[in-house]
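Input: structures, listed below.
Paired with chain B in one complex and with chain C in the other, chain A is shared by the two complexes that follow.
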Partner chain A sequence: MIFDLIQNTFDGLAMGASYALLAVGFTLVFGVLRRVNLSYGPAIMIGCYAATWVSLSFHSNVFALLGITILGSVLAGTYVERLCFAPHRQGSAIAAMVASFALWMQFEEAVTLVMPKHLYDFPPMFDGDPLAFGPLSLRAEALVMLSCALAICFALHRMLYRSRFGLAVRAVIDAPLAAQLAGINVPRVLLLVFLLASGIGGLAGWLIASTHTQVTPMLGMWSTLKGLLAMMIGGLGSLPGAVIGGLALGVLEAHSQWFLGPQARDLIAYLLMFVLLAWWPRWMTTQSAS
Partner chain B sequence: MSALLEIRQLVTAYGKIEALKGVTLDVEQGSITCLLGPNGAGKTTLMMTVAGILRPKSGSIRLAGEEITGRPPHAIVAGGIALVPENRLVFPNMSVLENLQAGAYQRRDREIEADIGKLFERFPRLKERSGQNAGTLSGGEQQMLAVARALMSRPKLLLMDEPSLGLAPLVVEEIFRIIVQLHQDGVSIFLVEQNAHMALKVAQHFYLMEQGKVTFSGTPGALAEDEVIRRAYLGSAKA
Partner chain C sequence: MDDYTVSVLTNIGLISFIALSAYLLIIAGEMSFGQQGFFGVGAYTAGVATAMYGVPLPIAAVMAMGAGAAAAFLVGLPTLRLRGLYFAMATLAAAEMLRIVFELIHFQREIDGEPIGPDGTQGFRGIRWVFENGVEPEGFLAMVWGLLFAVVALFLFMERSKLGATLRMLGEDPELARMLGVHVERFKLGVAAAAGALAALGGALYAHHNTYIEPRNFDIMLGVHSLAYALIGGLGTAFGPLLGVLIDIGALEGSRVFHGYRMIVFGGLVAVLLIFRPRGLLDERVVHWLKRRLA
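== the complex of A and B ==
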């Protein structure tokens, strides 16, 4: 029993690490632009499909595929930013969100037109058995994922507080008008933040696809939902919160699946979000972006 | 000899409503020029248009003879105009030091640290609070920080939008002392001010703006002579 609990927690943390990475990218965009990008997951899916196509057409190693996934996600992200977010900078947040929903549909249609099978194999990161720790086991991918999530969170924190670009990002978050008056090219900062988030999303997408060794068109919706949920649990707009929210979501899902069955898994997660929104709405508004 | 800032027939509109209806004025090199006018006259709109935040519908803005109309705000700052905005607008969750660093964002030279040191000499209270978040400063200190941040871009022309707004009289006097010092150091200043009494002591040229148009241009002497303006802005009959 106790080993089951620990094993479940391990599995949950492994899954949660991928949610954490997704949530970090989401949080970066939300924290700086105050806009929800529903196309975040679908853009990651585009990156994964690009890598799948390359791996089916040529023999390429897994790290080349990582590069292609990131590149694909960043290109798709640029398209989303130019079409949905750049035109609505001063305008309505809802308009940007709905526009990003339209691009989500566009991305899903595009991949099913080009690659119509429901499921494609994706090359795994490692071959071989999971690592064993006595009666417990942990997949090596999970360790990679967890270290990536922590490393990226740490690197972003350093970037925000130690670099010239980070100073500009925080200035834009703090007072956008004053940032313009201080000589900061605000549209450029926003675009770069968006591309950085897309790149982190691409990394997350590659980790997820090579852990699951498959991609489907559902990956887009899945990434958006999990990222959004983890970001909300983490308290909207805080980077450490996003990581903690992602890990908490993973652990919660693993345990509810064990105790209540696979159907309850998502139900419990959405229930938690409902409870947070209904009884503790301030949780979502008190965090600052950094 | 042309002026440092030349504004010609400037029209800025919010939708169909024109807030500036063809404004023409000059700010001479090395002067303190003051813009007076009632609320809603378009003074802040003019400042925001010169700073590049608002795009004019027509007209021209030249800095030292160079056309800058329609440039984005960061290019205007790089070109040598810095605006100290109404209500100060410091970065509240960043330290005083970081506020100053942000003001130098356009610069790539090695003298940024030295300039911060000089500004700390000029504003010792900012030095004392350099690690403190700007949001925790008093109104007067925030105003000094906003001025210091603008100076970090080494502007040829400093625009100030109502620097005395909401400050206690003693603090207002201090702000005006700073304005005079900056002027003596060679900075040209274009000032929007409701406090005409204070402005009369420092400015060399005045403009009055009403309903989007310049309705008076002249020296402090001429301003004080004008019966209508005196009643409206100086609030008393001639002594």
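== the complex of A and C ==
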């Protein structure tokens, strides 16, 4: 019993590491643009499918696929930013959200047109069994993923507070008009932040696909929803919050699935999101990327 | 009319109900990503009533509207004071919760030796009231469109009245409305309940058109489509959402020209229209111009 509890917590942390990584990219966009990008997951899926196509055609190295996944996600992200976020910069946040959903539909259909099979194999990062700690086991990929999430969180924090670009980003968050007048190219800063988030998403997608050794068209919706949930649990717009929120979501899901089944797992996750939004709105508004 | 045309026209009518429900909330200033949940509540309520308890469809539809209004009221209570994105995400979470609840419902009765009723993810088959009562597909089509015209007439009448003016004022500036003595919270709850009832009516008819429903029918795709229909069709008149549905289901799916590319074409159309016509094709300006022309 106690081993089950600990093993479930381990599994939850392993899953939570991927949620944390997804949430960091999601939060970066939300913290700076104050916009929700529903196409975040589908753009990651484009990157993963591009890498799958390359690996099927050329038998390339699994680490070369990382570059392709990131490139694919960033290209898809550029398309999303140009069509959904740049035009609505001054306008309604909801219009941008609906537009990003419209591109989600495009991505999903494009992927199933080019690669119609329901499931494609993705090469694994490591061969071999999970690491064993006595009766407990943990997959090595989970450790890689968790270290990546922490490293990226740390690097983003350094970038925001120690670099000129970070200074520009913080200026744009606090006072876009003043930043513009001070000579900062605001649209360019926003585009770069968006592409950075897409790149982090691409890394997350590659780690997730090579951990699960498969890609399906569901990856898009899954990534968006898990990233969104983890971001909200961690408090909207906070980077360390995103990592903690992702891990918390993973552990919560692992335990509720063990005790109550998979449907209850999703129900509890959405219930938490609903309750946080409806009864604890201050949790959602006081945080900021800077 | 051949069967395919009748089926496409019926579908256009059915989806128009949920598009109008999204439209009603948008003009009151709220974008809901969760109307599909109430559409589902209506479908399940009416299906259980007719298939399991032998209730006639008109009464079942009224029951469905009641259930949809009650569900929308309960979701609206804690969420309607949230603004913009927060309201959108809270309603999305509520609708996903409803969908999972549909997956958890296993409630069946033995009727003529076969079990009938919602069976979790396996769905709910055998909602055959329309066939058992000898209603032809054309007859059902007439019923759907008759109800839809009644609803649109109600909308047009409302928009000319003081109620419509209050609604649009609420959408433009809730603080101004409050200062002019509108009880904002109570008014918005009423609007949310009405929108829930409207979506549920569509759901009740949808269940009886398809005879089979499953939780997946009521996922986020349906909800965002209904928002998109209202947004591209136009927010100036109740004909706007109908135009949106007509463009997507009528022109893109019905014509089969874009077979396999429908989502790509429709998605691109929505994204581009949101940039150039943020309040849709039939926005307030176009409607005003048309009215002057016609008068």
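Throughout what follows, the second predicted complex is superposed on the first by the 290 of 290 C-alpha atoms of A that agree within 3 Å, B and C clash if a C-alpha of one lies under 4 Å from a C-alpha of the other, contacts with A are read in each partner's own complex, and residues count from 1 in each chain.
One rule holds in what follows: a contact is a pair of C-beta atoms (placed from the backbone, for glycine too) under 8 Å apart; a residue touches a chain by one contact, two chains touch by 3 or more.
Fair warning: this is a prediction, and the values are worked out from it, not measured in the lab.
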Q | Which superposed partner A:Leu119 touches (first chain B, second chain C, both, neither) | A | neither
Q) Touch check for A:Leu260: first (chain B), second (chain C), both, or neither? A) neither
Q: Could you look at A:Ala171 and tell me whether it touches chain B, chain C, both or neither (first, second, both, neither)?
A: first
(Q) Quick check on the superposed pair: does A:Leu56 touch chain B, chain C, both, or neither? Answer first, second, both or neither. (A) neither
Q: Would you sort A:Ala151 into first (chain B), second (chain C), both or neither based on which partner it touches?
A: neither
**Q.** Most chain A residues touched (candidates chain B, chain C)
**A.** C
Q: Have a look at where A:Leu131 lands relative to chain B and chain C in the superposition and call it first, second, both or neither.
A: neither
Q) A:Gln180 contacts which: chain B (first), chain C (second), both, neither? A) first
Q.
So chain A touches chain B in one structure and chain C in the other; where do those two contact lists coincide?
A. none
Q) Which part of chain A faces chain B closely enough to touch in the complex? A) 164, 167-168, 170-171, 173-175, 177-187, 288
Q | Contacting residues of chain B [partner chain A, same complex] | A | 51-53, 72-74, 77-78, 82-83, 85, 89-94, 98, 101-103, 105-106, 149-150, 153
Q.
Quick check: in the complex, which residue numbers of chain A touch chain C?
A. 34-36, 83-84, 87-88, 91-95, 97-99, 101-106, 108-110, 113, 221, 228, 232, 263-264, 266-267, 270-271, 273-274, 277-279, 281, 284
(Q) So in the complex, the part of chain C that touches chain A is made up of which residues? (A) 31, 78-79, 82, 84-86, 88-90, 93-94, 96-97, 100-101, 103-104, 220-221, 224, 227-228, 231, 260-264, 266-272, 274-275, 278
